[in-house]
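Input: one structure, supplied below.
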Amino acid sequence: MMKPEDLIARYRRTRQATEAIAAPLSAEDCQVQSMPDASPIKWHLAHTTWFFETFVISPHLASYRSLNDTFKILFNSYYNGIGEKHPRAQRGMLSRPSLEEIYRYRAHVDQALLGWLEAHQPDSSITALLLLGFNHEEQHQELMLTDLKHMLSMNPLDPIYRADGPHPADAALAETRWLSFDGGLTDIGYDGRGDFAFDNELPRHQALVHPYRLADRLVTNGEYLAFINDGGYGNHALWLSDGWDWVCQNSVSAPLYWRSLDTGCHSFTLEGMRPLSLSSPVCHVSLYEADAFARWCGARLPTEFEWEHAIRSGGQLDQVQDSVWQWTSSAYLPYPGFAPAAGAVGEYNGKFMNQQYVLRGGSCATPRGHSRASYRNFFQPDKRWQFTGIRLAK
Amino acid sequence: MMKPEDLIARYRRTRQATEAIAAPLSAEDCQVQSMPDASPIKWHLAHTTWFFETFVISPHLASYRSLNDTFKILFNSYYNGIGEKHPRAQRGMLSRPSLEEIYRYRAHVDQALLGWLEAHQPDSSITALLLLGFNHEEQHQELMLTDLKHMLSMNPLDPIYRADGPHPADAALAETRWLSFDGGLTDIGYDGRGDFAFDNELPRHQALVHPYRLADRLVTNGEYLAFINDGGYGNHALWLSDGWDWVCQNSVSAPLYWRSLDTGCHSFTLEGMRPLSLSSPVCHVSLYEADAFARWCGARLPTEFEWEHAIRSGGQLDQVQDSVWQWTSSAYLPYPGFAPAAGAVGEYNGKFMNQQYVLRGGSCATPRGHSRASYRNFFQPDKRWQFTGIRLAK
Amino acid sequence: MMKPEDLIARYRRTRQATEAIAAPLSAEDCQVQSMPDASPIKWHLAHTTWFFETFVISPHLASYRSLNDTFKILFNSYYNGIGEKHPRAQRGMLSRPSLEEIYRYRAHVDQALLGWLEAHQPDSSITALLLLGFNHEEQHQELMLTDLKHMLSMNPLDPIYRADGPHPADAALAETRWLSFDGGLTDIGYDGRGDFAFDNELPRHQALVHPYRLADRLVTNGEYLAFINDGGYGNHALWLSDGWDWVCQNSVSAPLYWRSLDTGCHSFTLEGMRPLSLSSPVCHVSLYEADAFARWCGARLPTEFEWEHAIRSGGQLDQVQDSVWQWTSSAYLPYPGFAPAAGAVGEYNGKFMNQQYVLRGGSCATPRGHSRASYRNFFQPDKRWQFTGIRLAK
Amino acid sequence: MMKPEDLIARYRRTRQATEAIAAPLSAEDCQVQSMPDASPIKWHLAHTTWFFETFVISPHLASYRSLNDTFKILFNSYYNGIGEKHPRAQRGMLSRPSLEEIYRYRAHVDQALLGWLEAHQPDSSITALLLLGFNHEEQHQELMLTDLKHMLSMNPLDPIYRADGPHPADAALAETRWLSFDGGLTDIGYDGRGDFAFDNELPRHQALVHPYRLADRLVTNGEYLAFINDGGYGNHALWLSDGWDWVCQNSVSAPLYWRSLDTGCHSFTLEGMRPLSLSSPVCHVSLYEADAFARWCGARLPTEFEWEHAIRSGGQLDQVQDSVWQWTSSAYLPYPGFAPAAGAVGEYNGKFMNQQYVLRGGSCATPRGHSRASYRNFFQPDKRWQFTGIRLAK
């Protein structure tokens, strides 16, 4: 169990990290919602605050007064158990409260929560909620970067977020090595080392993994370009049926953010428009593209169990958590015996276990220390605005 | 012909009036686009500037340098003759340029244009373009208010624009008097008195008007409430077929911005949520509602020719240009012999003469002096976010 | 007033003409609804029967028993005053009643109506309803041909309706002559000569027509091809704004049913796929295309008043009622003093006077004798599946 | 390996069974497509014929001549490897070829294939294609019944297919018994007993099944009614997030085909409208409803491995293959080492392994002998027009 002063320090650090991401942005930058999947930066700033207010302070500190009762509705993301929610697609319509007022809202909640933490010894259930709040806010830190990137990418001015914005690091272009694993009955899920895991990593259970091989590194832009040049987007035989429909209906011909300029292939990044680096991991591909690429080169995507087994086997894998998320072929489903937490907080993960695929690893936009071997990220197979890439299996 | 110093003064006045409307608003308020029909305030500020830059300065001042070449695309509304346009529905996506940069853009163009005007005697064609620019910017001043009202109305916080925001004035609740007009062959269109008219008011021509009667005042909220209480929205026999479909598909049961609260009927205004004034003119109704209301009380809407004829006859009409626009039963079509101006500026009006209805008069949001007896405003019959009301005929 | 035996003969003739159109078709041909605008042949056969049943027999013959009470709902087109309606877009879902049962329904109503007519002297109000029923059924005879053509055109087998299906006749390719008319105050609307007019042709009233010129013949396929070859579909300056959007969104590049084959330009007809005849009138164009074509050749479309005035002036016009309908620039609006009939039958025309344009004349698919100088046909400006063409004015 | 005479007999039997399903239907009944998911009966009759023509005759019998080359396109369902396809949603537009012509097409292919089979000893690859064709046609026999049911259900006349149409049999209303299974490492997939399995049942492989309990019978209408009466459709906490959106957006409040009549709860069946039998298995529920129901009663859906393990354990389960398909919680994904067949026939199953759930068992509409313990049926989680029900696990 964490000590109170560690909780306080962690709270401060988490909250500051969120604000540091927003710091280079104008009030206008923080206002825009570029698609229903994404949220305005302003909304992220408020919703992470609402989370601590709703699940920690309000139920435990009787004297607490909200800054504005309507915020309970405006900044509720998807917790039906809490009550009414402002429609997700209309988050960008809310010019009020202003960015400044939202910073006041953050300060108001911070003050109440820190004052209370300093005066009371948090028990284990409070500690668990605080840790959930920290990890929740870290997830939104990554979403702020991906949502922002999507929004800036729609602007013909090719705006720059920061000269040193997060991006997947280049890697030396060595040949892929195929690491062999015997598999067998293996433990899957959170092993209890560390202070936190999401409920979707539990319960820890045995799974059977058949022998497999895994690429030691991620697929690069250069390799993906070869797939494109070989007509990959025009060859129906490489694609899942829904994937082929998605390619045809959306005229997809390259990863998201790739642009063909007169001066060669570029990609839009948080640092503005940049020439494509062939040795960087390919990024912003859908599950459909990852799956088609794998089929094209005679491989396949790993299952989430293979991925986790390989990590736990100490298997010399590169680019695990600091580059791009790695699509797996596993549907996002509950582990045997999974039970969500009681109450509204139980809506966090369980109700989304449908029609999504698991991604493993982490990305250059993931806060350091946030992910782990048992971490399960998840998105629909056509989504591309996260930092998502490809690790191959056989 | 206007004197140069008058043109300069008018330019300054017009530009300042636009900025005065935006003055009470935050950068966030100026960023949001609440629907494709509406534009962000920021965009209005830039587009009106683009208009002078594109049609006046750029073609006539060879030394002029644009602040940013991409603005030519970003702030082009619908002029195919000028070139590429940023998609209308994505105007709210542009967090850059910031509000501050747009004010710099305004200053940049103002400085260039005023410097040039002070140094050159504008000929009649330049004068005509400047007058078009003034009137164009005045139209956007009204749109800024209506677009803003729509945006604020979507916010559950019921925000206030200004404590003294524009609204249709209350009128003493006298009985409607029916003024009789003989009609006959009458001149329709701009009569040349004044310094400007839009091309859609021309050519002046004869029209035949049959004898008619016109209400001396507008329909009030109280009268419209009687229509609602009599089941007007549920009686198909009162509605045009498209209107009935519109009512059913959108579950329409009151004018836009009316809200039924525990404390009685309210309406959202630029001054926030206000109790409904029964003696105020009904406002924010569609052509379909205006037409159904007229049928309900045994009357009809006037034609645009009847309306103009009555005004020219000096007919003792109240609430002509300062309250709400008045739907007519006339389709928005070209006058006999109508020819748009040559070049891209000819796209201003002519290409929209299809599937819209004419509104006459003016509203509380129309800049003083902007409208006139021959003025033709026009919207699709289901639109309600303008200040639109009802004057009856028989 | 028509004599009873004439009414009986006219009834028999009208009903048989409808069935003659369906005679060459299979049960499957009569089942399909190819778009919400069109109806299955089977439904036309039933609805025209329903019309006589609902407006003539049921209210006047107490002893009449319907074959099936649900038919009242299934075959109600748009009469809210009658009651519930089967959804328009689902007319093709109704495999039952079968075609055979619908012929029994026709016979059932025919027998009841003819028996009653033979036994009772119809008064003037009954006579008026019968005449409305005849003209209503004649309108559906034309719709059967146009709906069928649309359905067959979607079949890659290029099916043939009849070897001698209706099509606009070729005309000798003389140069267009421009006939001049002085206009002035002129009577518009049904003149009472003949036994019937629709309510939308009334009341007869004076209108002012300015001097104009009218082409003596229709625009040909050859002339329209020159417009296409000159880039007409790619030149925004020729199009109404909505028309340009329609062209771009639907990638329109030729009249409906034109097909570019290896062996040259063809057109799908009721006689199957045929080489395009350059001297035939261009057909299946929208108002948008008609308007753009007119602008391209420095002309315009006539108003409906000019068209009617020219006909009444005995102006030597060709191809008036037997070729293709002629788009006018007039919005479909009520004549001054128009009042629909009382009751549900009043829904026939009035409630559709919105967002449509008037077409004048008649087509090769119009039953002989159905149209007249005052006849007002009407469609939305993007509709093309009727036999619609172009007569120019200046 | 089957003997030639057995193949011939099986071919005849399969083809006749298909035609027997269509026998009670009119040409109109066979024409209609009620939604894009469903196909016209006529199309099923043709497509199953196309399958034998395309994959068996055309590649092997050089002298074979097609009846009509366009059929190759019209009746291709989803085989991109074969070439062009008529758009799925437009199958109901094809009034030609007529039902009669399609029976001629069936006879043409039957004659060619049977003649060839009688003259040549089919090798193992031909035999495999024939067996695939038989099983393919059996799947379409079930689809014909479900597509027909959907189409007839949209008709306000509540039509009857057959007085003795297939329906899930009533079962004695004994309490559910929970059968316990130890699980462990178990073999999953087709065991080679029998003459055929689809490729998606292969390869046979080991899977780990944790201890579980399974209901010996299916959930009944009566039990499902208790869920409804307890407010199941209004309690968000029971639903997956996508399921809750689906319920709200479609106002779902009961299984498909349930109707609340004055005389009590009814259900539309192939025998027309019938009072709901409380002891019959609940049918036409989506995965979302099955999952919510299970959560409501403190249970869950079985995985496909648990289901198959229980069957193989000889576990005294009732209503396995003759009642309704049973939703599992397993995503439809390839088994480890799965490889589709080479060529277009490989598109049969593999490309659909995405965003669907596995159903196990069989239904009253499944041809006898078609299913087996390893059989994997699959649909999207919102689909309800198949005979789909619920078996609970714990």
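In order of appearance the chains are A, B, C and D, and numbering begins at 1 in each one.
To be clear about the criterion, contacts are C-beta pairs under 8 Å (C-beta built on N, C-alpha and C of every residue); 3 or more make two chains touch, one makes a residue touch a chain.
Since this is a predicted model, take the numbers as computed values, not measurements.
Counting one step per pair of touching chains, how far is chain C from chain A at the shortest?
2
Suppose chain centres are the mean of their C-alpha atoms. Which chain sits farthest from chain C?
The chain farthest from chain C, judged by C-alpha centres, is A.
Does the chain A and chain D pair touch with the same residues on each side or with different residues, judged by whether over half of the numbers are shared?
Chain A and chain D contact each other through largely matching residue numbers.
Hey, how far is the Cα centre of chain A from the one of chain B, in Å?
From the centre of chain A to the centre of chain B is 45 Å.
How many angstrom between the C-alpha centroids of chain D and chain B?
58
List the centre-to-centre spacing of chain A and chain D in whole Å, with centres computed as mean CA coordinates.
Taking the mean C-alpha position of each chain, the two centres sit 37 Å apart.
Tell me, which residues of chain C touch at least two other chains?
none
Quick check on the complex: what are the chain D residues that touch chain A?
Interface residues on the chain D side: 78, 80-81, 185, 205-208, 210, 236-237, 239-244, 329-331, 333-334, 336-337, 351-355, 381.
Per the contact definition, I'd like the list of chain D residues that touch chain C in the complex.
26-32, 34, 42, 68, 70, 73-74, 86, 90, 92-99, 151-152, 154-157, 159
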